[in-house]
């Protein structure tokens, strides 16, 4: 049995989810699409051969569960509205750039008793899942060092940046979530940033950062992140422990090596969709399982808030030039 | 728009196709399943939430296109029956162990004007597709050496073997098709085999083989193949040319490396379904495109017969201990 | 023609150099060994079939050039004595834990007109040399991010630590030198440390660190380092630029892959001598070339002081919890 | 203590050995060089700073052991002369293209009680040594398939070919020796060849070959070999067993990866000297150990004859187009 999902928002991430729901998921299925732009809504509806609507209310009427991939500012109100209607929610990160709004949305879902899952897709990729399972089983021993990289190939359009919440909330938050997931809670954050491209400085933002984490147990973590690695999309993670070290070195999805005199070349992923062919469908299938089978959501609203808190601490550290302590999540 | 496909045969390959058609294909869709065994048909129908039937006639009534994954001996008659009913056919390899029957089935489809595509999935894997495209574009120069390996992890049940057509028709035929596809026609075949496990010798069959090919242009090819590599599923291909060499070294789908003192380990694919997450859905989507858009089938019935002829030549060479010449395909 | 070298100090590094000088160098040659311990001196002399002496004066009398691998505290006085005698000097890092003493030794060599080369071996490894050459040629564009890891497999004897100068001076200094070499001067340093093993805390030291660098041009660098990675010896470096990214991922010297069901394993280097079979002989050959041919030393005393200054800044940053600015080297 | 070795023959292999003996060996040392060409002898003597002679008799007078790297036709007589003078012999392969002469040379050394070691360097490379040790320890189980590739980057000068003994004796013989070493004796050989470049056909020779082996125990082996792989020097070996599979995939000596948009490139070895930095010195050190310590030679004259016999069988098979049986070595 499959969960019929109504998809809200048909921009880049919305279309990634539309593809997953129509041709990659096993338990979830695209039932209806919504976008305030009728041209876009009708086009995508036709492309994926599903009904389309131009109001969120209509979407909520048609389905028992929604996936929200609209602009960030609308995530929280749409989540609250869905909860009020008794609809389960898969929401792209972040729930909100405003902490109170995020907490309100999480509490609305808890009160309504609906599932809320947030879109940290990396938690569903087979490589990270396998690493997490072995770490949880004790095979790695105690964590000594965490290291992670997340780099886009090409920078986004500056217009997008203005509403992104800044580098740490938009980009580094993925690695901050991974850090918590694999190594436990973070006690303090020290962030460093640079705008190699002045277009980012013009928005008061950066395009390259290094964030140092101190975990509650004392271990150190470090992540680097960039808007423009140029060579491709990089998403790699290492956890060094007393018994073993897990390393996910990630840009190579292709098995073809092309050899010319003295040189062997391989192509690799250029964006997150190429890099994560399994993770995006898997997170939606896991959401469907949470709704249909009552299994617990693997990324909760509380997880999302904790990651956002770390991103906020990183932003503050970067601005102040000092280390910022972090409260334990509630 | 999607092509509704009726699936005939619900054994291992049938279920692989059922999964592709329900949750991995973008243009093809599972519409109905058929198996002569009502228990199996009803179970699979329920699992994938589609109607099920227990006669092939009922299946043909319901759909415009069928995918045939029944036991080998029935491939040709089911193809002929589909063609007679004007249904398009995706057929697992081989069309038939009997050459005349295979030719008859191909001609029946040609006469009926229906699409016939045969299940050489490797032609749809991104690695091989990329290699083929670069070779076709002249980037590799002239082929000097072709090398390919196909190895299963664990041997099949001996009961399966009795109707498999023997090692070369069942196993090596995939590499023989790849050889033709990437390097052109083969002029002669020399085959060597061994039954490392006596269970295979008891059936007059082998479990390990090396086949040497002489291409029409003079270049040499070699493939090795095994029923039981033990370490995992291996499917790798190399084409050495005057300008470049393409190498697909294939058993590593995972990016997680697990390091323990002095040692780094990686897991790899254990079977063809793990190895080819993209190729199986892609071949069905390509079949759908051939039906819906009129694009040419990328693996024709003539291709299948040519590969079977090479397998037959390999079998004869293995039995006689001599090199066997091959006629140019018609 | 070869340069006869007198080797002072026959501990671990001394013996590494003895092996290089007797069986791996092409332009340098072991002429005599010195150690204050007569048992050790005679044993090593016999093992390598060269004369041995127990005073440094005797060593200086016999050769035109010395390699100093004695305990750190003696590096500067032995360098000054060699310079006074007109002998060329290859000195293990650091020249001195005391900055004035280091400067004095460098100036003594400059005044005497003798070659002084310091033992940053990584500058002579083929991988780093190739990366440096391509970066210098402009192939990488502008540096955006520098990342480096240096990790020992097993921690050293605590007795050694007491005179090591601490983690940053002893360990991280190698990556600090690499950072300067590949990316230019550093403007500020922020260091974080942890003693995962309490034995290090007992000495007021740490065993794990992350150091964030801000280069003069604004780019960010980060290095992590550990006394006990457990899995093996890690030495890897990445430089991400606007045109290309160089990555040296370094623990795999072996080409043998051992496959068992579902798993492929490779052995890798367990210590620096295994990891750098080419760099240690190459640095001595380069020193010989500087002496014999008058080519410039590729790691000068000024380089060593600059790297030590960065290590001192890292130590200060770690202790103070603040970012420390660094003066431009003179 | 080191063995002083007199080197006969100062062509390409002679110079490789000269470099090993002067700057890479730990137990062997270059004592004197001989070449009939006085210009070459004096140049090489000067380059390596050792005495040079222009008659073999003078060489034998000066040393207790010789390394023979002269043209093939002189290997056997120089070995016999050395044995007659009581000198130990390291001889490049083959001992002779004439089987009787090879046997005579081996017997002369046996009679004289001198060590004879033949230059199959791959037996001394760390990767193959490790594989051989694990296979010998039973970790691989029973061999099911052997596969090996040896390919030069660029073809040799045709003038060299005329005296090479042909493709199988000159090139494939290395893999034939490896096959015997790792998997035991060979019962029959079937060889296929092609002259992709007509320059080889003009000499009655080929530049590409595939050889299929049947081991005495029934297992199959296959090797491919080429004079001109174009992309680089390839030397790789795989042994598939019932418990494990050893794979040495060999063209990557470098750890530097250079990433440009969408593509990662690595440089690899272009010739045997780059590929085998450890094996060439190690074989001479092992020879020295055999002489100095009385350890058994790890590649005997009998091994060399057995490998040559396999090469002769391959040549005959290629010419006749049939499988050729091989006698068990004595």
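To keep things simple, chains are lettered A, B, C and D as they appear, and every chain counts its residues starting from 1.
Rule of thumb we're sticking to: a residue touches a chain if its C-beta (ideal position, glycine included) is under 8 Å from a C-beta of that chain, and two chains touch if they have at least 3 such contacts.
Just so we're clear, the structure is a prediction, and the values are computed from it rather than from any experiment.
Student: Report which of B-D and A-D is connected by more C-beta pairs in contact.
Tutor: Result of the comparison of B-D and A-D: B-D.
Student: Where the centre means the average of the CA atoms, what chain is farthest from chain C?
Tutor: Result for the farthest chain: B.
Student: Based only on mean CA positions, could you tell me how far chain C sits from chain D in angstrom?
Tutor: Once rounded, the distance between the two centres reads 38 Å.
Student: If you average the Cα atoms of chain B and of chain D to get two centres, how far apart are those centres in Å?
Tutor: 41
Student: What whole-Å value do you get for the distance between chain A and chain D if each is reduced to the mean of its CA atoms?
Tutor: 56
Student: Could you list the positions in chain B whose residues touch two or more of the other chains?
Tutor: As it turns out, chain B has residues touching two or more other chains at 230-231, 243-245, 249, 252, 259-260, 267.
Student: Considering the complex alone, what residue numbers of chain C touch chain D?
Tutor: 1-2, 19, 22-26, 49, 126-128, 130-131, 134, 139, 243-250, 252, 254-260, 267, 277-278, 281
Student: For a test of understanding, state which residues of chain A touch chain D in their complex under the given definition.
Tutor: These residues of chain A touch chain D: 153, 230-232, 251-252, 259-268, 270.
Student: Provide the residue numbers of chain B that touch chain D in the complex, in ascending order.
Tutor: Checking each residue of chain B against chain D gives 142, 144-145, 147, 149, 151, 190, 192-194, 196, 208-210, 212, 214, 218-220, 222, 224, 226, 228-231, 240-245, 249, 321-323.
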